[in-house]
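Step one of this worksheet: look at the structure below.
Just so it is clear, A, B, C, D, E, F and G label the chains in written order, and each chain counts residues from 1 on its own.
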Amino acid sequence: MKIRPLHDRVIVKRIEAERTTASGIVIPDSAGEKPDQGEVLAVGNGKIQDNGEVRPMAVKVGDRVLFGKYAGQGVKVEGEEVLVMREEDIMGVIEA
Amino acid sequence: MKIRPLHDRVIVKRIEAERTTASGIVIPDSAGEKPDQGEVLAVGNGKIQDNGEVRPMAVKVGDRVLFGKYAGQGVKVEGEEVLVMREEDIMGVIEA
Amino acid sequence: MKIRPLHDRVIVKRIEAERTTASGIVIPDSAGEKPDQGEVLAVGNGKIQDNGEVRPMAVKVGDRVLFGKYAGQGVKVEGEEVLVMREEDIMGVIEA
Amino acid sequence: MKIRPLHDRVIVKRIEAERTTASGIVIPDSAGEKPDQGEVLAVGNGKIQDNGEVRPMAVKVGDRVLFGKYAGQGVKVEGEEVLVMREEDIMGVIEA
Amino acid sequence: MKIRPLHDRVIVKRIEAERTTASGIVIPDSAGEKPDQGEVLAVGNGKIQDNGEVRPMAVKVGDRVLFGKYAGQGVKVEGEEVLVMREEDIMGVIEA
Amino acid sequence: MKIRPLHDRVIVKRIEAERTTASGIVIPDSAGEKPDQGEVLAVGNGKIQDNGEVRPMAVKVGDRVLFGKYAGQGVKVEGEEVLVMREEDIMGVIEA
Amino acid sequence: MKIRPLHDRVIVKRIEAERTTASGIVIPDSAGEKPDQGEVLAVGNGKIQDNGEVRPMAVKVGDRVLFGKYAGQGVKVEGEEVLVMREEDIMGVIEA
């Protein structure tokens, strides 16, 4: 992995809908902001809190996570498009 | 259950209006944002407060909860549609 | 009572205008956001403050309270419509 | 007095313009949000601060106060219309 | 002086443009929000901070202060129009 | 200097574009909010923080500073136009 | 380097798209806010936190960083255009 995210940012590789169905999770196709899922490729050191301490991340590399469809920004790393988002944008971890 | 919600998020299965009536709670049909109810399927570890401590969740798995009609985001888990919302969106627990 | 409000929420049964006049309080009929009154049916444990402590509620079951006309959300409990609001929405307690 | 205001709320009886002139304070008649004055009829226990402590009120019953024309909400108590506002809405105390 | 300002409020008497020139300060006449100056007639006890302590005022009675043209609200005291503003609205003290 | 800025305010004399080029810094002429530079004429005592302490200023009299083109308010002091802005508006100090 | 950034500001020299491809990172050309990258030329002392302490910067001179396309303000230093942004605008550090 080539990007080290700062603070509470997470790099996620979106998982395609086909693979989604196989895991038993189906994302509805209707309009509006919909959840999506992906695999965590890299995480920051954690969010810096108001008291100055760093809060460790609640997700780790390899986690399959659920997030809002429009969360994060896309960037290509060695030809592969990934998302950079904040831990806040992650709704949950999918436990297979 | 396949999703582990992060922090103060809650996964709720909406309870249909028919079952609602049976429990003595009726949701009015008029327009606007209306409360709704459901059963808690999973809860996060709790909200991280400004002082860095984690506040335990005030709802638990199995609770029947009341929430705003448009709270949360819908996602399908093994063919069943559930809502992912924050504890903040939950107005109260229905005690049968 | 069938709903246990979370945190700083309060369940209030609106008191009709006729009964209002009897207690000596008259709500003006002019347009705009106007105060209204009701009886407290249930209260949460209190608001969770920034320092993590719970602040006890300033109203209790049985109190007659004054609140903004559009405060809270309506829900029917065993055929009776009540309001779920926050303590913040309550302007004062009417002492007969 | 029949209403006990919650927290930092204050109940004020507006003083008419005629009486205002007598005290030497004249409120300009031009358009826009203009200050107004009244007598304090009741005060809450004080504002709950971020650190959980209650800050005593800076005004007391009987004070003649200056406030923004559109501050507070009107309510009738035993046929007399009063205003319920927050201490924050009060600009100053008029010392005769 | 007839008004005791609450907390961090300041009562200021605007100084006319003619007197301004004499002191060496000229307020530009172009459109937009422009600074203005006045004399402090009364100050509150100070702003109540998040930690509950009162911060003493940084201006005192008699100071000549600079403020945004539209800061404060006008009110007449014994026939003389003054401004009630917050210390926050004051940009600086003019030292002759 | 005739103005003592309050708290975290800074008085800055804008440096003309001609002098700017001489120091090796060129401000682009294209449209939009562009940085600008000036010399610090006076600084306040510092910003009052949430914990009630005063944070000393990070700029001092004589510093050449970079700021957003529309930062601050213009005021004339003894015929010379200066800017009153907040330290927050200053992007950096130019070290010749 | 001629600019010393204040607090949590960072001076970044944008890296052209051609050099980007060589390092294995490709920025997509589609419309909207897209990430971009550059080299850190100077950093401030760090962000001043709510508790008054300074948080050291998470990036250092020489780091290759990823940021939102419209982050920061452009300024020319000795004929070279650089960006002044906040650490908050930096999404991650690219580790070659």
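FYI, a residue touches a chain if its C-beta (ideal position, glycine included) is under 8 Å from a C-beta of that chain, and two chains touch if they have at least 3 such contacts.
Just so it is clear, the structure is predicted and the values come from calculations on it, not from any experiment.
J.: For chain A versus chain B, what separation do you get between their C-alpha means, in angstrom?
T.: Here the centre of chain B sits 23 Å away from the centre of chain A.
J.: Can you check how far apart chain B and chain E are, centre to centre, with Cα atoms defining each centre and the answer in Å?
T.: Comparing mean C-alpha positions, chain E is 51 Å from chain B.
J.: Could you tell me which residues belong to chain D and also touch two or more other chains?
T.: Only 50-51 qualify.
J.: What's the contact topology between the chains, one of line, ring, star, complete, other?
T.: ring
J.: Starting from chain C and heading to chain D first, what is the chain order around the ring?
T.: Moving around the ring in the direction of chain D from chain C, the order is C, D, E, F, G, A, B.
J.: List the residues on chain B that touch chain A in their complex, please.
T.: 2-7, 9, 11, 42, 44-45, 48, 50-52, 73-79, 81, 84
J.: Along chain G, where are the residues that touch chain A in the complex?
T.: Going through chain G, the ones touching chain A are 23-28, 33-35, 49-51, 53, 55, 58-59, 66, 68, 87, 90-96.
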